[in-house]
Amino acid sequence: MKAIMLDKETYKQLLNQYISTQDEGALYRAERLTRNFIKKNILPEEIIDLHIQVLRETYPTIYEEMVYMCQFLLETMISYGLAIQENETLREKQLAMRTEISLAANIQKTLLSSTLPEVDGLDIGVISVPAKQMNGDYYHFVTGKDGSIGIALADIIGKGIPAALCMSMIKYAMESFPEQLMNPNDILRRLNHVVELNVDSSMFITMIYAKYKNGLLTYASAGHEPGIYYCKETDTFYNLKAKGLVLGVSTDVSYSQYEQELKAGDMIILLTDGVTEYRNGDQFAKRGELLRIIRQSMKLKAQDIVENVYQHFNSLSEYYQQDDFTLIILKKY
Amino acid sequence: MKAIMLDKETYKQLLNQYISTQDEGALYRAERLTRNFIKKNILPEEIIDLHIQVLRETYPTIYEEMVYMCQFLLETMISYGLAIQENETLREKQLAMRTEISLAANIQKTLLSSTLPEVDGLDIGVISVPAKQMNGDYYHFVTGKDGSIGIALADIIGKGIPAALCMSMIKYAMESFPEQLMNPNDILRRLNHVVELNVDSSMFITMIYAKYKNGLLTYASAGHEPGIYYCKETDTFYNLKAKGLVLGVSTDVSYSQYEQELKAGDMIILLTDGVTEYRNGDQFAKRGELLRIIRQSMKLKAQDIVENVYQHFNSLSEYYQQDDFTLIILKKY
Amino acid sequence: MDSQSCVSIQLERDIIYARQIGRQFAEQLQFGLVEIARIAATISEIANNIFLYAEKGQICFQIMEGTGQKGLRIIASDVGPGIKNIEKAMEDGYSTSEGLGAGLPGIKRMMDEFEITSIVGEGTRIKVIKWVRSCDNEG
Amino acid sequence: MDSQSCVSIQLERDIIYARQIGRQFAEQLQFGLVEIARIAATISEIANNIFLYAEKGQICFQIMEGTGQKGLRIIASDVGPGIKNIEKAMEDGYSTSEGLGAGLPGIKRMMDEFEITSIVGEGTRIKVIKWVRSCDNEG
């Protein structure tokens, strides 16, 4: 209370100084002081009150009308004062929300963590970096009893909390499927059903599901960003063509299943659109840029390649990560 | 732009009116107008500008010092104007957040919905009403292949989005347990492990898990609000005593298992603390009040009883639902 | 002036009259300019609340004199349908009908004490008190 | 006065000097009182930004005369460590060091054009332009 009184005295001094000298320094210091006023909840109407006081002190014989003018102004400022006070509450709420979301993001991280499976002859690398706090990309590895591995990679269209909940539903649904049904097209058909039933039509999901066993990759796609096959023999990258409707749009959808044989030195690259549609300044990258970087680091371990790719993009000076970024690489050796 | 100019003209007229008559009506209308100004992003500094204009028009021979005073004031108001503009953005963000959370709440609802199982000789009723948008209570029914049913009722300590994610984890974990392990104490022991591993230590969960088969209720509790047993023969309510640590606090915890036989006319009441710890004005209800209402409607179907209880509390004039409210009643017939 | 006074609120000009009465009480209690303006704004808000949730009501003023403390109590009451969700009405950033910062949260901020009771089907009553502080005259 | 002028910013009194220069330019361009005050406030903000992310820098003023449009361009630059997370610095309700509403979002609101480039390890450059509107003199 004392301190506030002092602030107000300072303000009056600055005002008097300005009246006699029109000094820029007084204005500057008044600006600093006002910032402090706002923090201390001193409102515009109180500033006007100070002015009335200075007015009366400086011009004891002033027309009463001029005081009325200031009183009118003071009344006007009440509404502005209220708006400013609301601001503070809104800020606090926003801060609380931030804390809550960061807590939720942590839970999501542990909830959706998936350990890399160990498969003979296959080197696996994966990186997934959310654009905001909550990740809307989802990947999961399953190890089958027959020595096969399943790889799910999904992108939830829609962000934030709803996407996170939706993702945990997918994970839960997928784990509840009986293992003998673990064919990519079956899994997508069933997931489509679950998503269609449970999720608002404004939200949908793209997914690629792949199964690897003994050098053969079987996969199906629900409208997902196409994967890439690197053929060592021809030293060429090919798109993994696959047709299929995104999950959650239509009730009964069946998915085609595709195959790709892998030989030593071949690679499979699975990704979400966040990898190729990043923005660098005003430019959007093409898949070509991705392949160039992969080719440069092809000799490395799969995990090093994916990290290398992310580092490359992230280090671009005008890179701005708009979307969640997930990249999986399988290297047959 | 035209409209804003007009507003400013109106303001000047009101000001002039007030200078000559000190009329309350002018102040009142100025207040209305200012509200509109705030919505239209006319800021306090612009109001001061209007004042300077009126000052010059009304007193053409005014001391230049008085204008300087107002200019000083105008400069001061810039910071307030900025704070008010921020307010608008914060409001928009808050609105967006609300929409997101209501979307998430919908997903949560479908995600966590559990259909009532059909069991011979048992009438089941359940109601679960969240205090805010997201529900931090969780219940789930499982039907076993052996004709038994499992009932899980949990209360996540912690609210909002993190609680919702946590809950979907519990659901997922529970469904992944092999059925032969479906004993209440085993389930709690395993869940404790999952929660301990995955969830931040600031969040924990109370849970009661009960299994019903052929007139016998087996149950275990992890620090949950005690259930209630109604014995028809003695026409008396008894607390279902059970000891056990809340989930997520310690690594290795084992839970005791308890039994309660049910005869025709007997009831089991499972609840979360939101049912008994609601606030009515300044008073907190006791369990006694709950039992009084249940006794009144005991003859009804289980679903009608639980709805009746909620309606009763909700209709109290000063009732304020602080916590999520979940009530399950099993009636043996 | 009497120490109690009521104004019935049905038309917009009644608000202006209520503000006048409230201002007179406030001046009598020697509130500072800022506090007087806040009292007037509060009267607008609670009158507005009457229009929002009922058709008419009344606003009563009473000077409070207690042990060493003086203040102005304002009670607004109506027999309208009542406010269903007070919690929401009290939340910041929620009221859209009025300018930013207005509504019930605004009243609460401007006054020293605030109390609202609303019974659905019976009506709403808002009680506020503004206390005179010894340093009020100094702003 | 020349149509371009730079002020180096290293001490607090340099801010005051920069505001003075900026104000002279603004008066020369016949901006209204409100806009002049906002230009001065912007100068404080960008100078403050220099202190926040670097030790020193400079602020340059340039009168823009184009096809029927006149304006004041202000460029602040430093060779400090750069701003790592511009996105966050641009977010409302985030800056805690300053009063509510200040910081980069505040500058953006006060000016007509706003551009920031920051390279980590090289420095930061903020360019703003305020255009003279024909009705500026009428507030």
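We just call them A, B, C and D in the order they show up, numbering each chain from 1.
Definition applied: a contact is a pair of C-beta atoms (placed from the backbone, for glycine too) under 8 Å apart; a residue touches a chain by one contact, two chains touch by 3 or more.
To keep track of the chains, here are their UniProt names: A, B = Phosphoserine phosphatase RsbU; C, D = Serine/threonine-protein kinase RsbT.
Note that the structure is a prediction, hence the values are computed from the model and not measured.
Undergrad: Quick one: chain A and chain C, Cα centre-to-centre, how many Å?
TA: Chain A and chain C have C-alpha centres separated by 45 Å.
Undergrad: Could you tell me the distance, in whole angstrom, between the mean C-alpha positions of chain A and chain B?
TA: Here chain A and chain B have centroids separated by 26 Å.
Undergrad: Per the centroid of Cα atoms for each chain, what is the distance between chain B and chain C, given in Å?
TA: 30
Undergrad: Would you give the residues of chain C that are in contact with at least 2 other chains, written as numbers and ranges?
TA: In chain C, 40-41, 93, 99-102 touch at least two other chains.
Undergrad: Tell me, which residues of chain A touch at least two other chains?
TA: Expected reply: 27, 31, 34-35, 38, 75, 77-79, 83-84, 86-87, 90-91, 93-94.
Undergrad: Once you've mapped the touching chain pairs, tell me: line, ring, star, complete or other?
TA: Its topology fits none of the listed shapes; call it other.
Undergrad: Which chain pairs here would you call touching?
TA: Pairs of chains that touch one another: A-B, A-C, A-D, B-C, B-D.
Undergrad: Looking at the complex, which residues from chain B come into contact with chain C?
TA: 24-25, 27-28, 31, 34-36, 38-39, 84, 87-88, 90-91, 94-95, 317, 320
Undergrad: Can you tell me which positions in chain D touch chain A when the two form their complex?
TA: Listed in rising order, the residues of chain D that touch chain A are 13, 15-17, 19-20, 23, 40-41, 44, 87, 93, 98-102, 119.
Undergrad: Can you list the chain C residues touching chain A in their complex?
TA: Within the complex, chain C touches chain A at residues 32-34, 37-38, 40-41, 92-93, 99-102, 105-106, 109-110, 135, 138-139.
Undergrad: Give the list of chain B residues in touch with chain D in this complex.
TA: Contact set of chain B toward chain D: 1, 5, 8, 45-46, 49-50, 52-53, 71, 74-75, 77-79, 81-87, 89-90, 93.
Undergrad: Looking at the complex, which residues from chain B come into contact with chain A?
TA: Within the complex, chain B touches chain A at residues 14-15, 18-20, 22, 26-27, 30-31, 34-35, 37-38, 44, 47-48, 51, 54-55, 58-59, 63, 65-66, 68-69, 72-73, 75-80, 83-84, 86-87, 90-91, 93-94, 97, 100-101, 103-104, 106-108, 110-111, 160-162, 164-166, 168-169, 171-172, 175-176, 197-200, 202-203.
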